[in-house]
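What follows is a set of structures to go through.
Same chain, two partners: chain A is paired with chain B first, then with chain C.
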Partner chain A sequence: MNSLGLFYVSASIALLASFCVITQKNAVHALLYLIVSLLALALCFYLLGAPFAAALQIIVYAGAIMVLFVFAVMMFNINQQDIERESQWLSWQSWLGPSLLVTVLLVEVLFILQSQPAWTSTESQVTLIDAKAVGSLLFGPYLLAVEIASFLLLAGLVGGYHLAKALPHKPVNKEVNQP
Partner chain B sequence: MPTLDLVLMIAAMVAILVPTAAMLVWFERRLLGFFQQRYGPNRVGYFGILQSLADLIKILFKHDWIPPFADRPVFVLAPLIGALAVLMSFAVVPMSPNLMVSDSNIGLLFFLAMTSMAVYSVVLAGWASNNKYALLGGMRAAAQTISYEVFMGVSLLGVVILSGSFKLSDIVLAQQNMWYVIPQFLGFVIFMIAGIAESHRLPFDLPEAETELTAGFHTEYSGIKFALFFLGEYLGMMLISMMITTVFLGGWLGPWLPPIVWFLLKTLSLICFFVLLRAALPRPRFDQLLELGWKWILPLALLNLVATAFVKLWGDF
Partner chain C sequence: MTVPIEHGFVLVALLWAIGLIGLLARKNTLFMLMSMEIMLNAAALAFILAGSLWQQADGQIIYILIITVAAAEVGLGLALLIRLRAHVSDLNIDKLDELRG
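So, the complex of A and B:
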């Protein structure tokens, strides 16, 4: 019961932080809320019996990927002008479409939850999934998915290498320099 | 009531760790003085032992100024994140068989997670200060920490393969026959280098290199907030020493003396070694630091991992 309460607290923090991510006008502040949301999600994973996934969520998402995001946004030199422009973009008309679609999804989720009450009875008995279980699943039935994901990462790596490569020295056009 | 015990334990840990980190500042200055054939601070109290207290009083009474051009909330948040993330990691350090706040079965991963959180302190401080030196320091910190975090994790995996657990007390107990520093010597060296880089200690203190960046990410900080950065750095040095002790040097294991004494002795000698490094080594250039990391240490760490896995599997057959 105690862990259920903790789960709801961290889940609501995740929701609130995610809401702040899209309403914040300053990009760095939005990123900070995103980090909070990811940390809260990690806590949710932990409470649902997946400590390994929780730790990886913090190390990989909150600790490495988001640092790179902050790193990139840091360079943008955000000033008051940008924040004002951002607040103009956040008008209520632009909220209308997404809100409608999300409401439909929400109704759907509520409907699914309603129609399957068996889930609510099992949540007290959490099964612990440790690193060994995750590893044997990843390199057993899901091996193909892991390989495809690593292909994707390799492609990204090659692309990054190509973009960062020093440009070849073009020979300077001598004729222009001649008097 | 176990919860009350836990709270008391945490309070006691914080009450011991924070003054110890302050004493470490004095200890380091005295030791540096010894290495450099000068006295170091020796005026306040016997052997200058109260120097840190005097510094603390001075720093508390300083004007705690937030620059008008800074991003206020983030500026205040940044030093807190640093000190808190490091303090949280101490929760999983097993100082003796029964002196630990949490013997979590993901202890090692928790340590890595908190280390990766600590980088936000430096990056956000650099950004929120709205100062070009601070921003450069923050940039360097981000690049340095992300790079060295990778090897830090990979170098620890060798130990995880050998002991078969992320639980730090299991790792200590698995070293009863032989400390992991012998079979995992490469991992030990890599982890130590990564640890120095992660805690921004000299010679890898490029984010705050004063000759080129005035004071790097904490240029705009003063008073208690600066003290928090300082505290975070020294706590970080203690944490890295304790982790090396736990993971590679057999933790609390040792003959005759009580476990906690062994643990503290090993930690203290590692801290002395870090101070010696500060006195002995010059600071590399930033591109040299990253080149060393990605071109030399990463392949070595991966090699170590593959070799360890091979040996372990070979033994199992």
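So, the complex of A and C:
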């Protein structure tokens, strides 16, 4: 199978898994599908000639960020009652009409895009952009962006520490009950 | 061998639309955060595609910056959700309509 077929297979897996993420009732199942979607996108990145981005997608996104999600879900302590309420909210009857109509519009858009002339006239091969090119550009012209990104991460760290630490006083809702 | 760039952008549009539908349809804030992750990933794929189209490394640089934004956003968002769960003991977004303008 050539890389074109591989791209289509991984793209379909990414689409299917993303659709399963937003239709699942259980948060842990949805997270598993989200990880599958991220891994499929990593394969797409690799096939598009960006192996460094694919590695980052697996290590940072599917690794670190998803572990953060799983830990948070563990702290939320989701029970059977929550899952039943989710399925109550997700009635497919109310979404049937709009999704049918919007699917027609989507088919129309895809047909229009298909009939356009191709953007790239030359049938060029996928060029490999390796980590060396990315790194030399990242620490050359984009050095200021790296510094700003570090500020952003520091702000996220301080904000996360401040928001998630234990409250010094009781929550607002419980003070109402106490005289 | 080469992937048609239009099909890649169709994938971007579909993924982004799925994320938007999830953001609009779900009431659980945890699922809304996941939908935002899907939308951010679609945007990242668009940058990778553009970098592959023009054969420049700039697309991957922006991808790294997007990952940074996503990490900060998830950290702060989940901390807010933990605080929300402690306050109203629920993840329902409708419980947050106390702020009447």
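Heads up, the rule we're going with is that the second predicted complex is superposed on the first by the 124 of 179 C-alpha atoms of A that agree within 3 Å, B and C clash if a C-alpha of one lies under 4 Å from a C-alpha of the other, contacts with A are read in each partner's own complex, and residues count from 1 in each chain.
Here is the rule we use: a contact is a pair of C-beta atoms (placed from the backbone, for glycine too) under 8 Å apart; a residue touches a chain by one contact, two chains touch by 3 or more.
Not measured: the values here are computed from a predicted model.
Asks: Could you say whether A:F45 touches chain B, chain C, both of them, or neither, answering first, second, both or neither?
Replies: Once the two structures are laid over each other on A, A:F45 reaches chain C alone.
Asks: Comparing chain C with chain B, which touches more residues belonging to chain A?
Replies: C
Asks: Just to be sure I read the superposition right, which of the two partners does A:G97 touch: chain B = first, chain C = second, or both, or neither?
Replies: It touches nothing on chain B or chain C.
Asks: Is A:S3 in contact with chain B, with chain C, with both, or with neither (first, second, both, neither)?
Replies: Touch status of A:S3: second partner only.
Asks: Now for A:E86: first (chain B), second (chain C), both, or neither, which partner does it touch?
Replies: second
Asks: Scan A:M74 for contacts with chain B and chain C and give back first, second, both or neither.
Replies: first
Asks: Check the residue A:L137 against both partner chains and state whether it touches chain B (first), chain C (second), both, or neither.
Replies: second
Asks: For A:A64, select first, second, both or neither according to whether it touches chain B, chain C, the two together, or no partner.
Replies: The answer is both, since A:A64 touches chain B and chain C.
Asks: Pick one for A:A55: touches chain B only (first), chain C only (second), both, or neither.
Replies: A:A55 contacts chain B only, not chain C.
Asks: First (chain B), second (chain C), both or neither: which does A:V28 touch?
Replies: First partner only.
Asks: Based on the A-chain superposition described above, do chain B and chain C contact any of the same residues on chain A, and if so which?
Replies: Shared contact residues on chain A: 52, 56, 64, 68, 75.
Asks: Show me the residue ranges of chain A that touch chain C in the complex, using the header's touch definition.
Replies: Interface residues on the chain A side: 2-4, 7-8, 11, 14-15, 18-19, 21-22, 27, 30-31, 34, 37-38, 41, 44-45, 47-50, 52-53, 56-57, 60-61, 64-65, 68-69, 72-73, 75-76, 82, 86, 89-90, 95, 106, 109-110, 113-114, 116, 118-120, 123-127, 129, 133-134, 137-138, 142, 145, 149, 152-153, 155-157, 159-160, 163-164, 167, 171-173.
Asks: Using the touch rule from the top, collect the residues of chain B that touch chain A in their complex.
Replies: Listed in rising order, the residues of chain B that touch chain A are 71, 73-74, 77, 104-106, 109-110, 112-113, 115-117, 119-120, 123-124, 126-127, 135, 138-139, 142-143, 145-146, 149, 153, 166.
Asks: For a test of understanding, state which residues of chain A touch chain B in their complex under the given definition.
Replies: 26, 28-29, 32, 35, 51-52, 54-56, 58-59, 62-64, 67-68, 70-71, 74-75, 130-131
Asks: Please output the residues of chain C touching chain A within their complex, sorted ascending.
Replies: Going through chain C, the ones touching chain A are 1-8, 10-11, 13-15, 17-19, 21-22, 25-28, 30-31, 33-35, 37-38, 41, 44-45, 48-49, 51-53, 55-61, 63-65, 67-76, 78-83, 85-88, 91.
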